[in-house]
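Below, chain A partners chain B and then partners chain C, in two separate complexes.
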Partner chain A sequence: MAIAFYILALLIIVSALGVISMKNPIHSAMCLIVTFLGVAGIFATLEAHFLATVQIIIYAGAIMVLVMFVIMLLNLKYEANTTLDYLFWIIGAVGCIAFVAITSQLFLNSMLVPLDYQAGSVGTVANIGRVLFTKYVFAFEAAGILIMAAIVGSIVVAKSVKGREE
Partner chain B sequence: MEILILLLKAFIVMQVVLGLASFCTWVERKGSALIQDRIGANRAGAYWQPESVLLKPIAVFVRIFGMLGVINTLLNDAIKGLFKEDFVPEGTSNFMHCLGPFMAVLPVFLAFSVIPLAPDFALFGYQIRPQVAELHTGVLFVLAMGSIAVYGVVLAGWFGNNKFSLLGALRAAAQMISYELALGVAVATLVISYGTLDLYAIIESQKGFNWGINPLVNPTGLVTFVILFVVGMAETKRAPFDLPESESELVAGYFTEYSGMKWLLFWLGEFAEIALFSAILVVFFFGGWQMPFLELPENVWWAALLGHAIFMGKILFFCVLQIVIRWTLPRFRYDQLMNLGWKILLPLSFVNLVVTAAIELI
Partner chain C sequence: MVSLSSYLILSATLFAIGTLGFIIRRNALVVFMCVELMLNSVNIAFVAFARAHGNLDGEISVFFVMVVAAAEAAIGLAIVIALFRNIQSVETSDAVELKW
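Moving on, here comes the complex of A and B:
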């Protein structure tokens, strides 16, 4: 299991680097898909089969297909070879240092629970469903309303643009 | 030993998929000839007359297969595909160009890993379940692989570096995304009525007459079957839903720029998809290896073989049915396709879901 984790972790890191370093947007999108699949693989090694399959369906399946769709329709060209400002370097460095500081703080205070590959007994579909519809029902419904609002909003925007043209 | 059994299972499942795909290829070629009142492939091997006496008994079989077109469609076409020039269009990377056919085949084969092909049996002291990945969320895994399958088409269309390819890929992606919604809702309806996501448990619960399509057991089963069948036909991108590869407008759609073995891989993926979809229909609605009036004894190897034969027979029936539909119906117009998906199938599947949930509550 540890070997599988290291292989998947390496895959995730390499493909995540690929997302930001590739010049062609569709290559970046492909790398992002590999990253998502790698995360699904890590879920699978933790015996969280439901999370793994949902990760593939929603992120690798639905969202990235839409991203590819947009890239194709907008016909994006290769990214121009821009040199980064010093400002961007500074912002990036500050972000990196903050991230490392926060994660190391988490490690040092041992706020992270060690992985014991026991998610299989907890993260079953029945358990997740039960918790989702009892304890977290408000958050669940709120997320549903939020997504509904986004859908309605996008339709309204699309319709209004069409009406203006006519 | 455990790993050896697992590898053996994976190998056997792969052979089953390839066998089903080959069968579909042959039925497509010879069956289309039958439907269109042609003769079809019947030359290769049909006139073989060996000099040696020893080869005569083999020659009888070869000639029968040749006349039936088996040698032409399965052997000769594959060899032809292997020896053709592997053409990569200018301006695309070779790696990405290869990725398209690969991604068209891979998800279909992976999806077969969760389908139990026969009942459990014990052999040499080992308890064997003929299912490669014993996932508790098998239904969702099949859906996940269905959503991954879009990439094969999208990549092929984009890295074909051809306008026709791109148009075909866009059509295919739009079609698959549109019909995936109704597919998901229909599958959710089935999960409500079966109460489990495990494909093996779903088949086990359909003993005797309790097939999923039986209205006495599953009142909305017939409606769900119709929805799932139409959606599945659309997901396999074959006529009457073959707008992505419509020959009369787009040359060949998303695989226009592929030749030789890569092109054959697309066909392999398509036929494996038909087989996968038939297998899903059989698992959900026609009881897998369960037959009325037939009680298979548990944990016996010959019962597993018999169950496998029944399962395969049902799958072959649906493969042939789909091919007959493909060669009978004309193509949809694009707006008809979208109307069917969004305005008819999706609301129908939602109503079906609510009704099923209400029945389950009562």
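Moving on, here comes the complex of A and C:
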């Protein structure tokens, strides 16, 4: 289990760095798919089976297909001035490395419980479904309304405004 | 057995990378992808804590984060399309006018 975690962590970090450093948005999106698959693997090592599956279906499937569609629809040229801000890159990188260093020290020195502190129900589809449709059923229905509003809203926002102007 | 802090450090690293990209990149689509990276890093922390404490509330939270991320993806990409239709660019530095 430990070796799987370290391989997946390396994969996630390398591909996430790829997302922010590739010049072509298509390449960024490809790296992002690898990141999502790595996160799905991390969920699997934490015995969250349902979330690992949903991560692949929703993120690596639906959301990334949507992103790919938009990139190809817009017919983008390469980002013209990715490298102009070396100063920004350096300041941002220093800040982010400092953030990781400080939080790592915090996590390593604080009294965290071990990973198998309390045995409980693992995240199988049956267990998640039982909680989702009893304790969180109101939030679940509200999420449905949110998705509905998002679909209608995205159609309204992306619709051509030519008809209104003429 | 990997410790809980390893998962949290991975989560913090992924969040930092997402933040870095969000600050540095000019392409609105890549900025959007960096937001997704940050959401994923938080999901890792949620699932790790849920595993440690042996209850499913954290995993339910991740499920709702995914739902909101899907809604955000639809709306965000629609905004990018509307932006491109108006200024023929998705560079955030080109979107400087409130009304035109």
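The working rule: the second predicted complex is superposed on the first by the 119 of 166 C-alpha atoms of A that agree within 3 Å, B and C clash if a C-alpha of one lies under 4 Å from a C-alpha of the other, contacts with A are read in each partner's own complex, and residues count from 1 in each chain.
By definition in this document, a contact is a pair of C-beta atoms (placed from the backbone, for glycine too) under 8 Å apart; a residue touches a chain by one contact, two chains touch by 3 or more.
Note that the coordinates shown come from a computational prediction; the quantities given were computed from them, not determined experimentally.
Q: Touch check for A:158: first (chain B), second (chain C), both, or neither?
A: After superposition on chain A, A:158 lies in contact with chain C alone.
Q: With both complexes overlaid on chain A, does A:125 touch chain B (first), chain C (second), both or neither?
A: In the superposition, A:125 contacts chain B only.
Q: Where does A:73 make contact in the superposed view: on chain B (first), on chain C (second), on both, or on neither?
A: In the superposition, A:73 touches chain B and chain C alike.
Q: If we overlay the two complexes on their shared chain A, which of chain B and chain C does A:61 touch? Say first, second, both or neither.
A: first
Q: Tell me which partner A:90 touches in the superposition: chain B (first), chain C (second), both or neither.
A: Once the two structures are laid over each other on A, A:90 reaches no partner at all.
Q: Let me test your reading of the model: by the given contact rule, A:137 touches which partner, first (chain B), second (chain C), both or neither?
A: neither
Q: Determine, under the contact definition given at the top, whether A:50 touches first (chain B), second (chain C), both, or neither.
A: both
Q: Chain A residues in contact: does chain B have more, or chain C?
A: C
Q: A:7 in the overlay: touching chain B, chain C, both, or neither? Say first, second, both or neither.
A: After superposing on A, A:7 lies clear of both chain B and chain C.
Q: Identify the overlap between the chain B-contacting and the chain C-contacting residues of chain A.
A: On chain A, the overlap between the chain B and chain C contacts is residues 50, 54, 62, 66, 73.
Q: If we count contacts the way the header does, which residues on chain C are in touch with chain A in the complex?
A: Touching chain A: residues 1-10, 12-14, 16-21, 23-27, 29-30, 32-34, 36-37, 40, 43-44, 47-48, 50-57, 59-60, 62-64, 66-75, 77-82, 84-85, 90-91 of chain C.
Q: Quick check on the complex: what are the chain A residues that touch chain B?
A: 26-27, 30, 33, 49-50, 53-54, 56-57, 60-62, 65-66, 68-69, 72-73, 124-125
Q: Sort out for me which residues of chain A touch chain C in the complex.
A: Touching chain C from chain A are residues 1-2, 5, 9, 12-13, 16-17, 19-20, 25, 28-29, 32, 35-36, 39, 42-43, 45-48, 50-51, 54-55, 58-59, 62-63, 66-67, 70-71, 73-74, 76, 79-82, 85, 88-89, 92-93, 95-97, 99-100, 103-104, 107-108, 110, 112-121, 123, 127-128, 131-132, 135-136, 139, 143, 146-147, 149-151, 153-155, 157-158, 160-161.
Q: Which positions of chain B touch chain A when the two form their complex?
A: Residues 96, 99, 135-137, 140-141, 143-148, 150-151, 154-155, 157-158, 166, 169-170, 173-174, 177, 180, 197.
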